[in-house]
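Both complexes shown next keep chain A, but they swap its partner, so chain B is in the first and chain C is in the second.
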Partner chain A sequence: MKVAQLSLNELRALLVGPGLRVKAGPFNLSIRTRLPSLIRQLHSLYSRYSLVEEDEIVEFHVQVIPRRSVRRPFARLIQFEVDGRFPFPPVPLEQALATLEWGVNLVIAARINHFLLFHSAAVERNGHVLLLPAWPGSGKTTLSAMLMYHGYRLFSDEFGLMEPQSGEFYPLPRLMPLKNQSIEVVRNRLPEAMLGPEIPGTLKGTVVHICPTQASIEQSDETARPRWIVFPKWSAGAAVRLEPLPQSEAFLLLATNAFNYEVLGKTAFNAVTNLVRGCECRKLVYSDFDEALAVLNALTDG
Partner chain B sequence: MFWKACNFSSLPVENWNGEFTVFQPESGKTHFLNEMGLKILIILDQSPASLDTLCQKLSEYFTLQPDVQFPGQIARTLQRYEALGLIARVKESE
Partner chain C sequence: MADCEKNIRAEHHQLLLEAIAQPADLVNYNNQQWELLLRLARRAQLSGYLAARLEKGGMLGSIPLRAANLLHSSLIQAKKQQQSVNWELNRVIWALDGREVPLIVLKGMAYLLLDLPNAAGRIFADLDLLVSKEDLNQIESSLLEKGWQHHALTDYDERYYREWSHEIPALVHPERGVEVDVHHTLSSPLGKLKIDPLPFRKAAVRVQGKDIYVLNPEDMLLHCAVNLFQNNELADDLRHLVDFNEMLQFFIYRQPDVFQQKLIERANQLELGNPLFYSLYFSRLLLRSPVSTDLEQQLDRKPGWIARHVMHYCVPLALLPQHPDQPSKRAVLARLVLYLRSHWLRMPLYRLLPHLTYKFYLSVFPGRSTDTGHNR
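Take a look at the complex of A and B:
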C-alpha cells in the first residue's frame, strides 16, 4: 500500500498516533509529528512510498515536535527527535521538512554499519551502478536529479550503500534537497518533477526537496553491482572533461569519504579494494548538464 | 639503534601500479605508501637494521646517487612509521 492511498485524515491519524511506517530502501522508518504543515507536506511528497507491513520491524523511530524557547517566546520552533535524543538545535517551524530529512540521513549515517556507506550519489543504467562520490557542494544532488529524468534510475543522492561482502549496492531513493541556484535550474529543466515547498534560511541556504520518480521508488528493492565510479565537480564555465582517474586515487577518495570506513576496518579495506578493482574510475568536470549527460551516457552505454 | 617492522608480513597490502595501500588492524588505519615507503617496511621485516644499513639497502635497490640529505629523509620516515606503530626500535642484539 502506498502513502498516496491514505486520505489526509488517515495520514494525520498515523503521524499523530502510532507513527507513519514507510519503506526507505532497505530500511523501515517510523515518523511521528503533530505539525499540520509537515503532515500536509508528507501527504504530498511521501505519496509514492510504500507503507511497511504490520509484521515488519522498523529500524528508526523519529519524530518532529514543537518546541518553546524562553528567549524567543513568540517563535514557532520545532526539533527533530530520535529515540529521545535531539541531535539538532530547535529551528523555525518552516524548516520542519528539511530537518526531518537531514535527521533521517544523520541516523542512517550514524547507526548503519552492516553496509559500507559512501558519501556518494548513485544511479543505475543498463543494469549497473554509476557511483558519483563527492563532497558537499559538488552538485551531486542536482546531477542525480537530472540523471533521474534522463534514463537513469536513482539509488540515492547522498549514500552509496554497499553490502561489503557481496559488493552489491542497495537503492535508498529519498527526497533530495536542492539548494539555492540549483532550485531554479531544476524547476526550468524538469517541470514534471514533484517539488516540495521553498524552505529559506536553513544552514545550507534555501532548500527545495525533489521527490524521486515513481520508477526509482518502485524498484528500490532491486540491487545492482557497480561498474563505474565518477568523481563529479561542477565548475562554472568549465568545458566538460571526463578523464581517467588512477585507481590508487580512487581508493583514497572513496575510503576518506565513506562514513564508516574506519568502523568496518579490514572489511571496508577489502570492500573498497574490490570495488575499485572492478570499476572504471573517472573524474568529471562540467558546467553544462547536457554535456555531462552526453559523456556519462557514452561511458555507461552497453 | 636498530629498527624492525611490526608484524608487517601479516598486514594486507594492495598494489596500485606502484602505489600501495596497507591496512593496519591494530589502529584500523589504512596507509598510502609509495614504492620506497613500502620497501622500507619490507627491509625492516626481513631483519632489524640501523639507519645506515637501511639507507645503503635502499640506495642499492633504487640505484640512487649519493645524497647527503637522504639519511635525514629516511630518519623522518622512520619516526613517522614508529608513531603509527608500523615499526619499533630494538637493541642491536635482538
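Take a look at the complex of A and C:
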C-alpha cells in the first residue's frame, strides 16, 4: 500500500498517533508529528512511498515536535527527536521538513554499520551502478535529480550503501534537497518533477525538496553492482571533460569521504579496494547538463 | 516485596530484563517484541552487550534480519570504540615516557584489559585513570605537553572540577577525540561518603605483561557499586548494574568458595556497605542474580528501612529505560528524586543549592554562562 492511498485524515491519524510507518530503501521508518503544515507536506511528498508491511520491524523512530523557547516566547519553533534525543537545536517551524529529512540521514549515518556508507550519489543504468561521490561543490544532488529524469534509476543523492562482503549496492531513494541556484535550474529543466515548498534560511541556504520518481521508489528493493565511479565537478563555463582517475586517488577520495570507513576498519579497506579495482574511475568537469549527460551515457552504454 | 513488584513492573521493563537474563530465548521473539527491545536496549546502551551475547551464542543468524543488522551495527561500533580507547591508553603511556607514574585503569577499559564477560560489546568512549594526588600535576602536564587539551571550560566548571570533584577536567587529544578522565579519588571530596583512595591504590594489581594496573576484583566491584549508587544519578544506568552482576558472577565462578566473603570483608573494611547493599539487592531484584540474601546481612553498614523502601520504589524506575512512546510521570518523579539524592550525597547543601541554581539558569539560558569558555 502506498501513502497516496491514504486520505489526509488517515495520514494525520497515523502521524499524530502510532506513527507513519514507511519504507526507505532497506530501512523502515516511523514518523510522528502533530504539525499541520508538515502533515500536509508529507501527504504529497511521501505519496509515492510504500507503507511498511504489517508486523515488519521498523529501525528508526523519529518525531518532529513543537518547541517553546523561554528566550523567544513568540517564535514558533520545532525540533527533531529520535529515541528521546535531540541531535539538532530547535529551528523555525518552516524548516520542519528539511530538519526531518536531515535528521533521518543523520540517524542512518550514526547507526548503520552493516553497510559501508559512502558519501556519494548513486544511480543505475543498464543494470549497473554509477557512483557520483561528493566532491566539494560537485552539485551531486542536482546532477542525480537530472539523471533520474534521463534514463537513470536513482539510488540516492547522499548515501552509497554498499554491503561490504558482496560489494552489492542498495537503493535508498529519499527526498533530495536542492539548494539555492540549483532550484531554478531544476524548475526550468524538470517541470514534471514533484517539488516541495521553498524553505528559506536553513544552514545550507534555501532548500526545495524533489521527490524521487515513482519508478526509482518502486524498484528500491533491486540492488545492483557498481561499475563506474565518476567524481563530478560543476564549474561555470567549463567545457565538458571526462578524464581517467588513478585508482589510488579514487580510493583515497572514497575512503576519506565515507561516513563509517574508520568504524569498519579492515572490512572497509578491503571493500573499497575491491570496489575501486572493479570499477572504471573518472573525473567529470562540466557546466552544461546536456553535455555531461552525453558523456555519461557514452560511458554507461556498454 | 520482590514478588509484588514483579507484577506491577511495566511490560517493556520485563521485555528488556528477560532479554538480559535469558539471551537464548531471543530467537523466539516476534518482530513486535524485537522492535521495542531494540529501542529499549539502545536507550540503555545495552545493544552492543546483547549483540555480543547473541554473536557468542551463534544466534545472530537465527533472529529477524533487521534486528540482526542493527545489533551487528552496534557491535561494530562498540568494537571500534574499544579499539580507540585502547589506543588512547597506549598513547598516554607513551606520553608519560617512562616517568614513574603508576596508572590504575578504571571502568570500561579495565574490564577490557581483563577480558571480563561484560566487556564484550560494551559501549564506552572514555579512558578513566586513577593516580595519586601527587602524580596529578605530572600526568596533566605530560599530556598537555604532548598535545592533549582541556575541553573549553567556563571558570565555573573549572572550579567545580578542581575543588569539588574527584577528577580534573577531561583531557582530549584533538586528533583522536577520546576523553581521558584522570581521577585522584573515587568519589567527590565534598561528598558525605569519604572514600580514601589509598587502600584501593595499594591493592591494585598489575595487568599481565603491561606496566599498568587495575583495581583488584573486590575493589572493582565496590567501585562499580559506588559509581552507581553514590556518584551517578541512576537514570538509564541499568548497564552499570549489568556490569556489577556480570563481574560478580564471574569472580564467584573463579574463586567459588572465598570471593563473596572477601567482598563483604572488603566492603566492611572500607565502610562501603551501603552501595554494595543496593548493588546486590537490585542485581537480585532486576537481573535475577543468584547471590543469597544472607550476603548483605553480613554488611556492617546497611541503608535504613525508609531509605530502602524509597530506593526499592525509585531505583527500578530510573535504571530501566522509559517506554519510548509512553513515558511515565512516575518514572520522571523517581528520576528527579534520585537526581537530587545523588547531588545531596556529593555536596553539602550550601554548595548544592547554588550549583543546582546555576545549572538551572544554564538550562534556560544556554551559552550565557558567567564567563566565556576558553581553551587552556
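Some notes on this structure:
Convention: the second predicted complex is superposed on the first by the 299 of 302 C-alpha atoms of A that agree within 3 Å, B and C clash if a C-alpha of one lies under 4 Å from a C-alpha of the other, contacts with A are read in each partner's own complex, and residues count from 1 in each chain.
Keep this in mind: contacts are C-beta pairs under 8 Å (C-beta built on N, C-alpha and C of every residue); 3 or more make two chains touch, one makes a residue touch a chain.
Just so it is clear, the structure is predicted and the values come from calculations on it, not from any experiment.
On the superposed chain A, the positions of chain B and chain C stay apart, so the two partners fit side by side. Once chain A of one complex is fitted onto chain A of the other, the partner contacts of A:262 extend to both chain B and chain C. By the touch criterion defined above, A:248 reaches chain B but does not reach chain C.
Legend: residue contacts after superposition of the two complexes on their common chain; A:55 is shown touching chain C, with no touch to chain B. One geometric descriptor of the composite model is the angle centred on chain A: between the Cα centres of chain B and chain C it reads 60 degrees, in steps of 10.
In the superposition on chain A, A:83 makes contact with chain C only, while chain B stays out of contact range. Once the two complexes are laid over each other on the shared chain, residue contacts for A:270 go to chain B alone; chain C is not touched.
Of the two partner chains placed around the shared chain by superposition, chain C is the only one that A:111 touches, whereas chain B remains out of contact. Of the two partner chains, chain C is the only one touched by A:71; chain B is not. Comparing chain C and chain B on the residues of chain A they touch gives the larger count to C. With both structures placed on the common chain, the touch criterion links A:127 to neither chain B nor chain C. Superposing the two structures on chain A brings chain B to within 7 Å of chain C, judged by their nearest Cα atoms. Across the superposed pair, chain B and chain C both touch chain A at residues 262, 265. The touching residues of chain A, counted against chain C in their complex, run 18, 28, 55-59, 61, 70-71, 83-84, 111-114, 262-265.
The residues of chain A lying in touch with chain B in their complex are 246-248, 251-252, 255, 261-262, 265-266, 269-270, 273. Chain C makes touch with chain A in their complex at residues 30-32, 34-35, 38-39, 42-43, 64, 66-67, 69-70, 72-74, 76-77, 80, 83, 322, 324-325, 364-365. Here chain B touches chain A in the complex through residues 12, 14, 16-17, 19, 21, 23, 25, 28-30, 32, going by the rule given at the top.
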